[in-house]
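Labels for the chains are A, B, C and D, by order of writing; each one numbers its residues from 1.
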Amino acid sequence: MDAELIAMQLFSGVALGAILIMVALGLSIIFGMLGVVNFAHGALFMVGAYAGLWVASLTGSFWWGLLIAPVAIGAFGMLIERFLIRPLYKRSVDDPLLLTFGLGYVLVEAVRIIFGSDGIPFQTPPELSGVADLGIGFFPIYRLFVVAVVAVILLLLWLGLEKTKFGLIVRAGAKDPQIMRVLGIDISKVWLLVFGLGIGLTALGGVLAAPMRNVNPEMGSLVLAEAFVVTVIGGMGSLVGAIVAGLLVGVAISMTALFAPEMATIVMFALMALVLLVRPHGLFGKPVRG
Amino acid sequence: MTASTSSVAAVMSGPAGRRGWRARLTAWRVPLSILALCLLPWLLPSQALAVNVLIYGLVAVGYNLLFGYTGLLSFGHAAFFGTGAYATGIAIGQFGVPWYAAIALGILAGGALAFVIGLLSIRTRGIYFSMVTLALSQLVYYTALQASSWTGGENGLRGFTVAKLDLFGWTIDFLDPLKKYYVLMVFAVAALWLVSRILNSPFGAVLEAIRENETRARACGYDVERSKLISFTLSGLICALAGTLSALHLAIVPLDILHYHTSGMIVMMTLLGGAGSFFGPFIGALAFLLMEDVVSLWTSHWQIVVGGVFILFVLFLPKGIWGTALSWRAGR
Amino acid sequence: MTAPLLAVENIGRRFGGFVALEGVTAAFEPNKVTAIIGPNGAGKSTFFNVLSGVLPPSSGSIRFKGRDITGTAQHRFAHLGIARSYQITNIFPELSVHENVRVAAQAFRARYDILRNRASMHELDDKADAALAAVGLTARREATAKFLAHGQQRALEIAIALAADPELLLLDEPTAGMGPEETKDMVALLERLAADRTILLVEHKMKMILGLSDRILVLHHGRLIADGSPQHIQTDPEVRRVYLGQNDGYA
Amino acid sequence: MTKESKGLPFLTRRATLAGLAAGGATLAMPGILRAQGETIRIGFPTPLTGPFAAEAKDQVKSAELAVKLVNDKGGIAGRKVELLVRDDKLNAGEAATRTLELIEKDKVHAIVGALSSAVQLAVNEVTRARGVIYVSISQSDTINEIKDFSRFTFHEALNPHMTTAAVAKHTFKPGSKVAYLVADYAYGHEMLRGFKRAQAAIGATSVGEILHPFGAADYSTFMPRLRSMRPDILCICNFGRDQANAIKQAVDFGMNRQSKIVVPVLLHNQRLAIGPEAFEGVIGGANYYWGLEDTIPAAKTFNDAFKAANGGAYPTDYGAYGFTGVSSLLLAIEKAGGTDTDKVIAALEELKYDVAKGPQHYRKCDHQSVQSVLVLESKKKAEMKNEADLFKVLATEPASETILRSCSELGFPA
């Protein structure tokens, strides 16, 4: 193996991790704040991709799809929180998990009814197609673009969390939900927004992934499993954890692809099992008490 | 959800006779189950469906021991169901083991796996427990996919059709659907009897105590981790038995049996019928499979109906079909 | 002096850098009521959790009936004869009142037995009924625990602890959240229990403690600052200083 | 399906005649059979839900067409034919259950169907134990081997070995450098084995093989290494969505500029789902393409009948299996003069049929249909004359046992 190949492989791992981060971040934010494990997260990733495709075909521009779809699906996520998940907060933590599990089924089938079960082509926008010479090898321009977008989103998210009042509330709430009640903040409004934000992020991930992987109703299923792995490794509820674990898993997959390619999927679950056995609450998670 | 479904269970633990019809129902639950199972193939559209209800009902019963009675939401029970099936198929197909010994091997293999996965996972709590069981069962899935010389990989395991059962000089035509059903039913009934015994036993009370309040159960002097591990293993054993029956019934073991979608289906069935109740899981399996069977005849979009019904149950009838029926009757 | 039932020596407990308990040494004689008091955050809960095995001490040792039990698993404590109740009601909400107590009594007879029928274990039913009678809950025997009134749930809390027939009873604020009437009932119950049991309790209600206890320990910032009879504690200058201006302690 | 009857002549007069000449049973005792008059029921498990739902629906349409054509001319010896379609959800366990139901409850006379190797093997197992005739219409090498052989099962579909042999023959050249990206499961390995055997025969060389996990969504991590192998030909040995994503990402990484992309099976519906851009110039095999109508009369007749019955839609590759599979079975039943299992098996073994793609027959030892293999190239968008004009037929490898593994290699006694 030459060094250039390994460097390329590392880079494709990072690019792969970028999409994982988008999905896992939403999953983690929602769990950290609301205590909800969203099993419909993968389905909403897929719905995001379809929404992006639909908007892009209406407007004739990928950019509108990239802009509008995540916002629209984020709003749709708020409806889900308001009408399906909110009634369950007083109940066992298992209930929202089970509800979203059923919701995943419904969303996938709804998309099959509307868009067909076959999948739809999603062309890479012409201004981003082609390959770039990185010096160590060739890499698709679109994938470089994805890494850049994710980096910008992470930066915006960081600024939002550190510099705004809403961010302050979210950070405080993730540490101790009790404190918001004390401060007289309307938690339900915060939760609504956080859920919408989390879903918006996964929908954005879906739109970004679409030109690489095409669009089909089952595309969320594998992504969900991957996002769970990332979130659990990083520690559920930890944003830094989601980012670090997303990159870690991406690189682990790409390195396995180089040395033992057929193990590329299994390595993810093995990594997760290993982390859980050594640190049951993940790399950056807080221990659960009970 | 686990907590809210258990007033049924509270009743069972009271001495018989004090609570009228409910206590009588509890006392007669095994004979009633036998009666219902005997009638099943005559009531359902097909015998193959009846066998499926039997098998998935049994998986759900095993799962319910852990989820409904111990309060642990596992997302990895497909691993034990599948391992039971694979072990039986491999024992018959590759080693020529007689069918009854293959059943025993299947149960042992699934139970042993449950013990190991239980050992690793019960140290974690809450949502992490669900995630660890999910991850470990996916590892089992990928292992089966890779070990194709043993399992047939993605093609599934085949080549172990049992056409005739020989026992004590008797020969039963195992291709006759009705005879097959009743043979498999004997095993399912034995498992149901065992589960009923467990629920009535002192250990059954311990499980409910753990589900209700783990901290207090520990303070009372129970080794919670050990009790959970036993519950996990027993639950795995019963799911493995269901797996062996599935292998004998279909004469194949599909790789999908190990996928987490199967685990999800088991959870859905248990909830639909009513977690934490004795009849609930069977009723859930019946309702789920019947719904899928009927709906898939008039639309290929059956998943939207099944998923929608499931959402409505979580929202409005968290006690499931049987649990809700019981509370209605009790007027609560 | 009779041999102590429980003796702790130089007990300390840290959480990371925070010292919750430090250098606590005390011995408890049988059939006495000892109260543990102290301002909020004094380390009472930590002390109780160490005594009941929930938290292992970071340093020091615990001896029960002369045996070193430091580091023993929590569930073993009940078997040794140490039972506790909780400040926040901690019962089995969906089980019947009787089953709540019966399952506690069962811990000493059968834990992993899956083959016997528990309905035939009548001695456990009797034991549970006795504990229920002791706390005055016989009439609510068949009720589902979560439907009991608060005071009754507190009584059930005690009954669950009593089912173990413990030699040492650790009670964490048994009258928490109770009105005056309910408190009076609880005090009467504790007086009855005190006749043949060793009781350690954490309480805030001073009047009640002064009437009930044989001895009082005062914790402050994780240290034992006073140990003596109620009369002695009332006049202790250190205690007065600690509690000065802390009205909540004298409710 | 629409009930319009246009009085189409039965497609395969030649085949019918062959059947009559060989058997003659239909004429000999038609009275008895007519008196019986029981409907001939054919079970058809197919994945109406799941990722291959489009292919499944095409299969159903084509199978229904085959049944309709026979019923329109009065059925077989007075008996009507009925197709019982069931959703197997692309799940082997589900398929086994549906097959049991079809046999035990619906008392079908034969089963046709399945769309994946696993499902096909499951149905094969169930029908073998119960002595029910099964015409399998999904690709697999495994099912040809003696271990899974059932004398009741006939394989209408191509198998990976013959597909890869045909594709390699028309794409590999002596000295070509070939790299393989292979799905890590039986079907992937079978395709790889087929290609490598052809590669050795032609004198091309392998520059590397990469196994990828079955069902992967992202192939980017394999691309740098594949690129570094500098192959003339990149063989992507997987199927369906895996294939679509792998091709698309290979193109994203610019692989198509340096190498020719070759796949064993070029799927009609996947090409529709992914679009002409990613597939441009990709070469692969197929059992059927409607464009055959230019050279093969039976194809023209089939296309016309299909379009008439389905509002002008063109038949597809996997769809055509439904037609050829059911048609061959019905021809054999007609020839056998009824549904007696042994007679129908004998008739199928003797049958020579040409219902859509030129002459076909079932090889005696493994019951594999010996048939032509098309080698197709995906067209540029600019070259497409209409929505269904997807491929150029590069070559038609004629029906011959030479591209099959020999009976003895499969484990059958000589």
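Everything below uses one rule, namely that a contact is a pair of C-beta atoms (placed from the backbone, for glycine too) under 8 Å apart; a residue touches a chain by one contact, two chains touch by 3 or more.
Here the structure is a predicted model, which is why all the values come from computation and not from measurement.
A comparison of C-alpha centroids places B closest to the centre of the full protein. Chain centres here are Cα means. That of chain C falls 76 Å from that of chain D. With centres taken as mean Cα positions, chain C sits 41 Å from chain B. Separating the centre of chain A from that of chain C, both taken as means of CA atoms, is a distance of 48 Å. Across the assembly, chain B contributes 3-4, 146, 215, 301, 303 as residues in contact with two or more other chains. In chain C, no residue touches two or more other chains.
Among the residues of chain A, those touching two or more other chains are numbered 112, 262, 265-266. Every pair of chains meeting the contact definition is listed here: A-B, A-D, B-C, B-D.
Of all the residues in chain D, the ones that touch chain A in their complex are 49-51, 53-54, 184, 210-213, 215-218, 220-225, 227-228, 241, 244-245, 248-249, 252-254, 269, 272-275, 277-278.
Those residues of chain B that touch chain D in the complex are listed here as 45-49, 52, 145-146, 148, 152-156, 158-159, 161, 163, 175, 177, 246, 250-252, 254-257, 296, 300-303.
By the touch rule above, chain A contacts chain B in their complex via residues 31, 37, 84, 87-88, 91-95, 97-99, 101-106, 108-110, 112-113, 225, 228-229, 232, 236, 262, 265-266, 269-270, 272-273, 276-277, 280-281, 288, 290. Chain C makes touch with chain B in their complex at residues 52, 54, 73-79, 83-84, 86, 90-96, 98-99, 102-104, 106-119, 121, 125, 142, 144, 160, 163-164. Against chain C, in their complex, chain B makes its touches with residues 3-4, 6-7, 9-11, 13-16, 18-19, 197-198, 200-206, 208-209, 212-213, 215-224, 226-227, 230, 234.
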